[in-house]
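Which chain is which? They are A, B, C and D, in the order written, and residues in each are numbered from 1.
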Amino acid sequence: MKITRSMVLVSSDPLSLQRGSLEIYRRFQEKLESYQLAEEVALSTITDVGNTEASPVVVIYPEAVIYGPVQPENVDRLVSEHLYKGHIVEEMLVPKRHLPSRMAWLQSRKGSLPAQQRILLARVGKIDPENIEDYILHDGYQALAKALSKMTPQQVIEEISKSGLQGRGGAGFPTGRKWSFVASAPGNKRYVICNADESEPGTFKDRVLLESDPHAILEAMIIAGYAIHAQEGYIYIRGEYELSQKRFLKAIEQAHEYGFLGKNILGSNFDFEVHLHSGAGAYVCGEETALIESIEGKRGEPRSRPPYPTTHGLWGQPTLVNNVETLANVPPILLHGAEWYRRFGTPSSPGTKVFTILGNVNATGVIEAPMGITLREVINIYAQGMKNGAAFKLAQTGGSSGSLIPASLQDTPLDFDSPRKAGVSLGSGALLICDDNTCVVDLVKVLLRFFRFESCGKCTPCRIGTQRCYETIRAITEGGGQLSDLDGLLRLAEQMERLSNCGLGQTAAVPIRDMLKHFRTEVEAHIRLGICPTGICRMVPEDETAELIENQMV
Amino acid sequence: MAGLATAFGSGAMTNPMEDVVQHARAMLIIGSNTTEQHPVFGTKIRQAVLKRGVKLVVADPRRIDITEYATLHLRHKPGTDIPLINGLMNIILANGWQDDEFIANRTEGFDELKAVIEEYPPEKVAEITGVPVEKLRQAAEILALNKPMAVMWAMGITQHIVGVRNVMDLANLQMLLGNLGVSGGGVNPLRGQNNVQGACDMGALPDVYPGYQKVNTETAIQKFEAAWGAKMSEHFGMTVTEMIPEIESGKIKALYILGEDPVMSDPNSSHIRHCLEICDFILLQEIFPSETSRYADVLLPGVSFAEKTGTFTNTERRIQMVRQAIPPLGEARQDWRIISELAQRILAFGSRQVNANAPFAQWNYRDTAQIMDEIAALTPSYAGVSHARLEAGEQLHWPVKDANHPGTPILHVGQFTRGKGKFTPIEHIPPQEMPDDDYPMLLNTGRVLYHWHGGEMTRRATGLMQVYGQALVEINPDDAERLGLNGNKRVRVSSRRGSIEAEAWVTERVPPGMVFANFHFPEASANELTIAALDPVSKIPEYKICAVRVEAIRG
Amino acid sequence: MKDQSTKDLPIAAIVEAAIEKHGTNYDAFIPILLEVNKAVGYIPLHALKEIRLRVRAPEDGIFVNEGRLYSLSSFYHMLSTKPRGRHVVIFCESAPCHVVGGRQVWQALKENLGLKAGETSEDGKWSLVTTSCLGTCGVGPVVVVDDEIYGNVTPEQVPEILARYE
Amino acid sequence: MISLKINGIPVEAPEGTTVLRAAEQAGIEIPTLCDHRDLTPYGGCRLCVVDVKGWRFPMASCTLPVAPDMEVTTESPALVESRRTILELILSNYYDAGYEDSLGETQLMRWAKRYGVDPAKVMLKKPRFAVNSDPNPFIWVDMNKCILCTRCIRACAEIQGRFVWSLVERGFDTRVVAGADTDMLDARCESCGACVAYCPTGALNNKMSLSLGLPDKVVTTTCTYCGVGCQLDLNVKDGHVVRVTSNPNAPVNGMHLCVKGRYGYDFIHHAERLTKPLVRQYLLEGTPRPKGRGEWVEVDWDTALDIAARKLAGTRDAYGADSVGVLASAKCLNEENYLMNKFARQVIGTNNIDHCARL
């Protein structure tokens, strides 16, 4: 992926606009052209800066400096000094006392953008994934050796705790704490499970990791096994990921040959085996208890929690379930230390995050960026802007269980804390970027169809709720909606979130809620005016309707 | 019954079903098709296996349903129970798995047993039983090392000429392993009929009064003569399997039959028919016309369980209420009333001397509660039983020694009824009639899930008939092929005593060389074929084994 | 259900080989079913029986019947309880493919094959099924025919792709 | 023991108890459909949700183990709203074809009424499945009333141990089927009816009782078939046994019965039942017994009893007491067997008494 060198953000909140920020933006365009920097410097706006005497402000990456108040006539100097020569214009910086908290976080970006921070993807594409020696040459199995020779299991857990690593599966639970729960739970046996049932639509970061660097995950599983006193581990890889499975099996085989798996690993008296278990086509098995049920040869129906897998997991024994990306953080943390790790990301969400970028943008693919990156940064720096110059309308994060982020919230940092506060969810790291040719009702219909298709069917709210929501939204896209449906939808969505047994049913409600929160006018246009503003919905019944219910008709 | 009485002094199931299901760590089911004949107990055993991982060994020539849940299925040859059990004991002793403490403190006769058991080394037993040595060893290990272990059996053990000996040998096994008087262990004969236990308890047996008080003992005779005010016979009477054939010799002239159908349920039906035919007088009290009612002279309409109040005693000695739900149909009368009225009339005719002032001479009962009070007064094991206690919700397993006694769910705790448990060495005796050139196959008989006994009730249940509407003869696929059944389903099964025609069910349930038939359907009842060879002690017929010939019916 | 198409396949041997690889414990059930599905194209009823006969082991506490195996087969979408066509066309109907033109591709597939979702053509050549995201969204819309993945598919390419299969 | 508070009431429950059971012990009723005390908790219907202090969303009380100092609220306006939603969803996928089911108010209808959901308003307008879809002679299957609580599946697995029922497909398409989607008997059903006994909606019902109406009395008694001694409830209407139901308090069997116990009762009212005393014509006429004993004649009780008494007394007097044999019955009551024993020994004077224990 081609990466821009620098990025300029011009504030465009109402106060800034009033003070002429539009002119500043225009000047930047002009100057970047004339200095022939347009190719390598991205220019965009930022709205979420809060009111400050320093308005309008200009933020320039990667140095993450904030200038302000900026006048149109200052632009030439900023371009020539900062962007062309690389000197920060100290006297134009916003004085510390004028920096509102809404902006302070931007400074944590210092030096980290726009270049990608590769911790997890460090070896991707650089080593031969089917060659353990190549892995070993690139720091492979050094973290394991260090853990086994120099650290007690307790110390391993402490180091992970200190790093502040949070689960990357979506919920963001502190990893160290989970490990210590499992380590201290009573049981005859303990298990490590690597959740590689990556099925969130638009998410394929685990596939990239497994295909390109399988030993890193294997090494992390062994370390986890050592830390929690487990002798057996399972990796549950999505059935569709044949190459991942093939490479991981090979990795297991090689690790055995080299003594990283099996009995008395590296002479430490620690024994560990890893089994590969293939999924068979069920999204819900990404839910950890459904995954456990699936390994046990059952339908992937999530269990009721509590009790949690940490105490009652596989075969009823204490079980650590970690996602692929979470585990990928473990070896570097152990190797370089928690202190080093905390230099990345934000204080409350340290480290980096792997994102998959999709949709109507110029560049799609996998990136690794520090926690706390904003959507605007992603679109403008990594995705190289919207395709065909169309306007950004909304992004859907975290696959189907994520939220809809409207353009107005694109400056919210993507970490585990901020999105929650703003009502958006980071989820699995998928970012589906949609332009203004996207009909939000059509999009949500597709999302609900997915939930309906993937619901395990165990609990009432999810099993029937997803169907009823889907039917209602579909009716809207087919010209059969009623305004009263919207309140009904909202009410049902709220109850699905309250009552469902697992995250699938709970998050199925999120796109509905977000749609009605951010795009209600557009939805109502379908109903009141009988038209789809984007022209996507046909507004007549489609034959698809019959297909979806045909198999339970008499 | 008789076998256990010899060993311990009491002949009933020692442990409640729930106790076995909850606490046994291993079980041996031998000669019991539990899931079909005691279905609810069978399902509980399945659950014990599924939920608690109980180790289950099933010994049965047939691949009956419960074998699907068995850790090990010993498919021994019919009639080789004794060598099988002896063989298991041989292996147990050879490995020192016996419970020495129990043997020393609670039993006698161990040395004599040991001497006989030594005659049954695994190789020899494998030869006799057809069970491979390896399986014998596995079974012995499972049964000996998972304590407590409970043994369950039914008619597959008792309906042999060596039935009593079979039972005694199972008692030997359990004493050897110290599995008696403990929760989750015991010797547990599963009684077939709903109130077989109660009928025995109530003295409906030729050798005992209620509560197993022997009819030839002075104290018992005095007790009942005083109670009933009449002279008692001092010798054992005849069993059902003796009574009917003794019609032919003229010893029996009249029969009073309550709710039984000997033509269907007794061995060698054609001979039974002949005897009934010539009997001077038969009084039958029944709810349906039956195969036997053809030979009755007077037929009195009794009532079904839905029309009466009283008690049944189940296989685990639990006494439970039966409650009247509907009035007697038509002019039918409560059976207890019919018996009473008949008794009053016979006594009124005056040739039998009865002291009317004896405490229980009278027959003018108000209800069955009053009868139970009389039972309690005369039957030590029922001394504390009353309808009032049962209606109050008390769960009573006999012995219930007095009105305050809580009953006895587990027998032989601490001590056997007879003091010390007695080992009795048992030698193998082959069955009476084995296949030969003329009758080359072996017939095993029994019941199926959907029917009951002679079928008098279940053949009148529409749904049951829809599922299982005709007699089926189970036959192994190999035999079916050899006989040239070729999809032709009708077979004729003949023995030296008779012949039936029925549909064949070609199934692996039976081993080659064996056919299995039931006695639920008069048109093809297995008892047309069975042999009236009796166990010398219990007088139970050898229903489980006789020789037959099987032919395909053409056309 | 007709099992004619599998008459010649050595189901027992396929099951045996799968067991060889995955064992007979509970955690082997789904892997075994996957192997059968892969070899046969779906999971015929008599394969369920073969599996049950080989896997059920009361002595090891393993209990299973055809019903349970069938239940599993119908839950997991990589397993099929119904015979499928010689070629299975799988279309990803998730949002990422949808927003970049997936719905037009879906229409084209339906029209070209004359099938609806879940159907198999009468001549047994084609089955058309939908799937959730296949993890290849970087190149959506995605269509998979048998084991081959086609990315960035346009409606115009559909006839050309289908024509490659006999 | 674990101490917690339910609706402010202090409750003690052993570790591992679910909140639902603990509430029940404290006399607090929490609505549920998928839960049954005999079966493994499932957590599917979500009707039993309760609020637990410290948790953002309500929890299913049927699967939630009690924890120290837990504070549980079982009813609140929000919970009522949630329960109503659940019932509306369930009923939105339910169809009542309108036939008589003789079940009275099912558990589902009871909760619908309690929470003010009108089934007629929300239920489907046409059936999704064939009504009466299984040929089993005892068990009526109408999956239009199935709410996927899986109690039938668990009852079959955890009580009967037969594993006939299972779920197929998933999500909204999930269905309960027998075996590999076949009929029940083909799926090795033993027709014990446990699934019917545990069904809370009437999707599974007793076929023989379908249109017979509600009983006017229910009598608990002991089964007449095998020696296990199950207790069951005879449901009686107008002097007829119209249905056998489980009695949860039955000491031996609880809710469980076998096919004969639950469905083998129609012999009671069978047309062939003997309802009048019968004697052979020759006995009335005082003539010698013809071959085959001759015709039966219906008589009154006195006549029949007199004839029988005179014949038995006469035989005894002529040939001795041991010429009479008495066969009691393992089908009859203890009290009746006792009387038969007394009859043989006191009235006749013989020990020739036996019954079919050996057979």
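To be clear about the criterion, contacts are C-beta pairs under 8 Å (C-beta built on N, C-alpha and C of every residue); 3 or more make two chains touch, one makes a residue touch a chain.
Please read these numbers as outputs of a predicted model, since none were measured by experiment.
Enquirer: Between B-D and A-D, which chain pair is linked by more C-beta pairs in contact?
Expert: So, comparing the two chain pairs, more contacts are at B-D.
Enquirer: What's the chain with its C-alpha centre farthest out from chain D?
Expert: A
Enquirer: Would you mind pulling out the distance in Å between where the CA atoms of chain A average out and where those of chain C do?
Expert: Centres of chain A and chain C (C-alpha means) sit 30 Å apart.
Enquirer: Hey, how far is the Cα centre of chain A from the one of chain D, in Å?
Expert: The mean C-alpha positions of chain A and chain D differ by 54 Å.
Enquirer: Determine the centre-to-centre distance between chain A and chain B, using the mean Cα coordinates as centres, and give it in whole Å.
Expert: Roughly 70 Å, centre to centre.
Enquirer: Of all residues in chain C, which are in touch with two or more distinct other chains?
Expert: Correct list: 63, 71, 75.
Enquirer: Spell out, as numbers or ranges, the residues of chain B touching 2 or more other chains.
Expert: Correct list: 50, 69.
Enquirer: When you check chain D against every other chain, which residues touch at least two of them?
Expert: 167, 169-170
Enquirer: Just spell out which pairs of chains touch, all of them.
Expert: Every pair of chains meeting the touch criterion: A-C, A-D, B-C, B-D, C-D.
Enquirer: Can you list the chain D residues touching chain C in their complex?
Expert: 163-170, 177-181, 187-188
Enquirer: In their complex, what parts of chain D are in touch with chain A?
Expert: 41-47, 49, 57-58, 60, 63-65, 67, 81-82, 85-86, 89-90, 92-93, 127-130, 147-148, 167, 169-175
Enquirer: Can you list the chain A residues touching chain D in their complex?
Expert: 282, 299, 303-304, 306-307, 452-461, 463-468, 491-492, 495, 497-501, 506, 551-554
Enquirer: What residues on chain D touch chain B, complex-wise?
Expert: Residue list for chain D touching chain B: 137-138, 158-161, 185, 190-192, 207-208, 217, 219-231, 234, 236, 239-241, 251-253, 256-261, 263-270, 272-280, 283, 289, 293, 296, 301, 304-313, 315-319, 321-359.
Enquirer: Which residues of chain C touch chain D once you look at their complex with the stated criterion?
Expert: Result: residues 45, 48, 63, 65-71, 74-75, 81 of chain C touch chain D.
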